[in-house]
Amino acid sequence: MNAETTSRQPILAIEHVAVHFGGLIAISDMNFHVGEGELVSLIGPNGAGKTTAFNVITGFLKPTKGRVTFRGTSLNGLKPHEVTSLGLVRTFQRTSVFDKITVFENVLIGLHRRTAASLFGTLMSLPKERNAEAALREQAWEILKLVGIDHQADELGGSLPYGDQRLLGVALALAADPSALLLDEPVSGMNASETARFVSLLNKLRAKGKTILLVEHDMPMVMGVSDRIVVLNYGRIIANGTPSEIQNDPEVIQAYLGQGVKHA
Amino acid sequence: MKRFLPYIAVAFFASVPLWLQDQYFLHTLVVSGIFMLAAMSLNLLLGYTGQLSLGHVAFFGIGAYVSALTSLGFSVSIFGFQITHEPWPPVVGVILGTLVAGICGYLIGKLAFRVRGAYFVIVSISFAEVVRLVALNWVELTNGPLALPGIPPLTIGFEWTGYATLWGKAQNYYVVLVAIIIAYVIIKRLVYSPFGRAMIALRENETLAMSVGISVTKYLVLAAIFAGAMAGTAGGLYAHYIQIIDPMVFMFLNTVTMVIMVITGGKGTLAGPLVGGLIFGLAPVVLRSYVGPELQWILYGLLMILIVFVLPDGIVPAIERWFGRSSGNADDQRPLTLETSKAPQS
Amino acid sequence: DDINIGVNMPLTGAFAASGDYVTNGAKIAVEEINAKGGVLGRKLNLIIEDNKSNPTEAAAVTEKLIVRDQVPVLLGAWGSSLTLATMPKLMQYQVPMVVETSGANKITESGNPYVFRIAATQHIEAKGFEEKLGLFNIKKVDFLVINNDWGRSTVTEFTKMLENKSIQVGYVEMMDQATQDVSSQLSKLKGSDSDTIIVTTAVEQLTLVLKQAQALGIDKQIITTGGSQNPDQLIEQAGSAAENTTHLVFFAPWEPDSTASPDKTKAFIDAWKAKGYDFAGLTESFRGYDGMQVIAAAIEKAGAVDPAAIQKALWDTKVDVLNGAVSFAKVGQAGAESAQSTPNIYFGKIENGKVHVLR
Amino acid sequence: MDQLLQHLVNTLIMGGTYALLGIGLTLIFGIMKIVNFTHGELYAFGAYMMYFFAVILGMDFFLSIAFAIVAGMVLGAAIEFTLLRTKRGADIDTTMILMIGAWIVLQNAEQLTWGGIAKSVPSPLPTEPLVIGPISISYLRAMVLLIALMLIAGTYLVINRTKLGKAMRATFQDSGTAALMGVNISAIYTMTFALGSALAAAAGALLGPVFVIAPTMGDLASLKAFAIVILGGLGNITGAAIGGFILAFSEEIGAGYISSGYRDAMGFLIIIIVLLFKPTGLFARSERIG
Amino acid sequence: MLEIRNLVCRYGKVTALKGISLTVPEKQLVVLVGANGAGKSTTLRAISGLVPAASGGIFFCGQEITGMSASRILSLGIAHCPEGRRVFPHMTVLENLEMGCYLRSDGKEISSDLDRIFSLFPRLAERRKQVAGTLSGGEQQMLAIGRAMMSRPKLIMFDEPSLGLAPNIVEQTFAIIQSIRESGTTVLMVEQNAYAALDMCNYAYLLEAGSMVLEGPGEKLINDPHVREAYLGAGLAHA
């Protein structure tokens, strides 16, 4: 296994995390770092524990053992919204948008962290609150454009086609103003061309200095965008290295990649 | 047109005591108004945060008891300490009732929002039942089933101005009307703000809401505080208007009445509880003049069923849709949304 | 044109059965009065409103009867909390009401000069019981009562009286109005060393208490109070469980001859039966009948259909009704006294499936 | 000690009753997710039907029970068919309002039909209790317990061991997908509601002779049934049964040793406490996020 | 075997299918490709009776099935493995699979089919008693595929079967689908992994915004410049 191949400042550290569900061990020992501005992919067979790892990092699950730190702060015991407020935001593997609300309002809700309204001011309807509201709408609009679903702003979230719902999910996460973004299979259900467009969105985000941790089964994409790849199998890390190192790791090929890696 | 609707409604309702001769009808309007206020507060929980609270009458009753006891005075011994309270003016009672009910909202919110959905429904019912049983059995304070009679009517004024007692129906009617307007404005500002959006987000998808940084407890508790306090105000007004309360104020049917008002009117809409409240506040009066006792109830039940059948989202969304359609931008798929994007021209 | 009289009764909800009985009793009285030519040459007409067993409604109904129907006098409102809820309205509009069933002391103590009660308070019941203590052999008593004003004041008044007579009081157990299972309370009473259980609750729950007491093998003297227990209904519904129980009542239709006015009683029972009503309802319905008789007598005396005149006349009304003689005495707050009449009390004991009056 | 023994026996008997009330509702509320306010009315309906068959028509006691259960099943199916069929997939409070409406209508229809005066049904079993040392048990109530346990076991088997039960659970977890598996969704909706209603009516038919039958008897029954279902965890048959016994136990002990005024409060307090520590009932199932 | 003529489907005001026609011959593998929201899933849902047809007809083995209930259609031999897993979350893996053969009553064969699925997806065998809702995304997808196979249909429809599966499992799944077809079952598949899908199919359709715009054998579509640009990602460089 490779040593940490990053020279960047590690901001997210997963330290010897284990997760058990009753007798079932979903993660046995997970230990890796993500550096500032880095794009790290977490891959592995189905049921390896990737989503579980996301759940632990973002406070939806308490680890049985170990801890997670973000910019030096321990995340143990924090609630999901507290983790988010530190700038660590995730998307979900299963499509997750506010179904019965318009796309635009979805993003407005996502902007929750950026609102400056006070309860008193709101009830008194002070000018400051009204201006803040106008500013939010502006921001919502920008995010929709960035993700490329602005033409659907007035559609209901739930009536978007599957792929666009996934984009909306990303827009929601971006609205929460993350400095580090955790994406759980963002391009599943997208075809190659849609994926390519998503990759260019990823690149824009990287250019803005966002740190990204990506879970994805689309190997061409993962190999193309990742700075580094961590491979998980049965809750253990079996490899950690650059895309080319991973691509040729026999254990990874055996457990995960199979023979036809070079599709497309 | 739509913008002026609330003002037209207020003007109309403000004029009612001026031309309405029938005092009994005015009485019905006052009582319905009090229940509408309670229904509006329930709507905050049920309509905006999606928490089906079937114990809402607890806040109403707590407001009523606190207000009544404040203005009647009491003397109880708790763990050997004798606590005696001399009567205060009724207005202070209503304010205290509002505060105490709000605090109960806070406590219940903190505790009960650990559970969701069906479980919350039962916890809320249980809470109301426990409060009812306390009111029934803590005879020293509440007089238990013997009721608290002789609650003074509301008075307005200060020590140096002298007090005006609100005996009349018209005066009470205006007090209730003003309370409803204030509650309406508060709820409107709240739900159209980031606070309200957070509540709606929790209603729609809690996990997702958390993931964008919305604190579940904070917003549910906030809603519970406001809902509790407003229901408390309604309870206080009720106590001073009816002038007697007993543990029957906590009866489940009162919660059911509020729920009916909210859902038939249109949950999650500002005007819903008011429209529903007017219909189901007046329905018994209308029915009473035509049919026998059991049939009154049966028709009342059928009316509810009919409204839900014909207008599943409630009356107000249906009217809005109808308005929308006739003005040419119909969209019947979105009764729950707050607003459209109104893109800035950039 | 007719004289309208308001009746404020629970016709739906928890107390519907009793409210119905009382209302039917009132109707029979009105028919009888009208058949004899009415009052002041005018016919009486009842305006009956359902208060839904709910105090808020009781107040609303009073408002309606007084304001819209302009009734000069009311009969109502069965339960104490229902009656209490109507009282501010009486005060506000200065209209008198004859209270036929409610027994809470509060009603006559709260300074409302518009209530005229022909029902017994628990204090009156306790005194009646005291007079007849000799009929029973009691050393120690437990209570099992409904958890409301009625049950609770029964405990207070009877305890006072019993302790004066050096009879011990043991457990006091409560049951909620809607409770169907009282085995836990009864199990506790079964284990106590008292010889008598005083039970106060409505007839439905009484049936349950007796049946469950039998199932638990409780073998103590059971005496019920309250006056609306319908011993006949108990016999029918509780069967052998009702054997040897004694019931404090205000009307004894089983032995008309032992009542205050046997002829009237017989006539009333005949009228009741003629309508096909349940015999068991008599111990409630007589209240409605008596109440209407009192109202009619008062209007006659007043000579005018006007609330103030009727209120004034009620004070001087003396009339013989099924229960006995009604005449009102001043009780409660000085200067704003309410009126209370003192009804007669009987004890009916169930033996071999029949009720007989203890003497 | 004797008193405690009697309390424990009472718990057993009352618990069976509560469990019976609970399992019917656990199907409708727990599995179908309908806040079924008509449950108590179906309970009352079962009791009145018992009265109708056994007293008015003079039929055999046990046969009347069976007929009353069938009547409850038919009424349940009718309610589903008229009120709920077109409202499938509507949210929980829409159907709740319909059920509240039906509750009000049914209760008052009952009063209109039968009058407000309570009815009672004589039982053919000996009224003198069975006495074993310090404890007494009524034969009737022992029979109720026995039948209740049988019905609970039967329902458990149907839901967990048969194809029908599996189809029911599948339908209410994801009706679209269940349809894809070949399940006749409409039939399952009606059947589940009818089955739950039949169980409520069974409780009424069995308890009618034990208690008295009155139009408002269903209200408290409804409330308790909800509580029991929640204690046991939604949709969990064994949970509902155990929940029934826990509720009975807490009420019995609360009334026997604390204060009978707070007897009903005990049950609700237990619920609040249980849910605060185990927010999804005593027998929760695991969920996952993401 | 399956034929669709001028099918129109609507969701409220949205017209998702604007009169499409399509044929699936017996024992063939037909693929439906198209962008997000083109109406692919709607097509499958219409066939299996989950969404009503506004107009047009669907015929299976010469019989019109438009308007039939989902269970009727299944009993005629059309199975549908829906998009996005849709397992029964509170039932165990085994119960989910048993739901797949709800209409079958041949006990013995059922258990041999179960064994086959467990040997195809050993991951599921390990988790036979686990509640499906707690499975990982990919495990649920395997379960959904296995469940659809349990009904032994004449025609099986897969909606994006590779969604969320690991690359080696994707390969394996495609191999299984091939073998299903080889064993005589007709397959209609919607797939975003267009290259692989077109590569293995007999015939393919391209759906865009609710209309069929192109059809032909797999290679024809692979080589079509529009398809290459819009669906296969050629010409758009990966970063």
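Letters A, B, C, D and E mark the chains as written, and numbering starts fresh at 1 in each.
Note that in this section a contact is a pair of C-beta atoms (placed from the backbone, for glycine too) under 8 Å apart; a residue touches a chain by one contact, two chains touch by 3 or more.
The UniProt protein names, listed by chain, are A, E = ABC transporter ATP-binding protein; B, D = Branched-chain amino acid ABC transporter permease.
These numbers come from a predicted model, not from an experiment.
K.L.:
Find the chain most remote from chain A, comparing centres computed as mean CA coordinates.
P.N.:
C
K.L.:
Looking at C-alpha means, what's the farthest chain from chain B?
P.N.:
Chain E.
K.L.:
Just the number, please: Cα centre separation of chain B and chain C in whole Å.
P.N.:
Going by mean C-alpha positions, chain B sits 37 Å from chain C.
K.L.:
Please report how many Å separate the Cα centroid of chain C from that of chain E, as a whole number.
P.N.:
Computed from C-alpha means, the inter-chain centre distance equals 75 Å.
K.L.:
In whole angstrom, how far does the Cα centroid of chain B sit from the Cα centroid of chain D?
P.N.:
So the centroids are 32 Å from each other.
K.L.:
Report, in whole Å, the distance between the mean C-alpha point of chain A and the mean C-alpha point of chain C.
P.N.:
Result: the chain centres lie 73 Å from each other.
K.L.:
Could you pull out the residues of chain D that touch at least 2 other chains?
P.N.:
Residues 108, 111, 219, 259, 261, 264, 286, 289-290 of chain D each touch two or more of the other chains.
K.L.:
What residues in chain E touch two or more of the other chains?
P.N.:
Answer for chain E, listing residues that touch two or more other chains: 134.
K.L.:
For chain C, jot down the residues that touch at least 2 other chains.
P.N.:
If we look for residues of chain C contacting two or more partner chains, we find 12, 147, 174.
K.L.:
Would you pull the chain B residues touching chain A in the complex into a rising list?
P.N.:
That would be residues 186, 189-190, 193-195, 197-198, 200-201, 204-205, 207-216, 222, 333-334, 336-344, 346 of chain B.
K.L.:
Any idea which chain A residues touch chain E in the complex?
P.N.:
Contacts found on chain A: 21, 24, 44-48, 50-52, 93-95, 159-164, 185, 188-197, 199-200, 202-203, 217, 219-221, 224-225, 255-261, 263-264.
K.L.:
Quick one: in the complex, what on chain C touches chain D?
P.N.:
So the residues of chain C touching chain D come out as 12-14, 16-20, 147, 173-176, 178-181, 183-185, 187-188, 190-191, 203-204, 207-208, 211, 214-217, 233, 236-241, 278, 280-281.
K.L.:
Enumerate the contact residues on chain B facing chain D in the complex.
P.N.:
The touching residues are 46, 52, 111, 114-119, 121-123, 125-127, 129-130, 133-134, 136-137, 207, 252, 256, 259-260, 263-264, 267, 294-295, 297-298, 300-305, 308-309, 312.
K.L.:
What does chain B use to touch chain C in their complex?
P.N.:
Listed in rising order, the residues are 22-24, 27-28, 31, 136-137, 139, 144-147, 149-150, 167, 242-246, 248-249, 251, 253, 284-285, 288, 293-294, 296-297.
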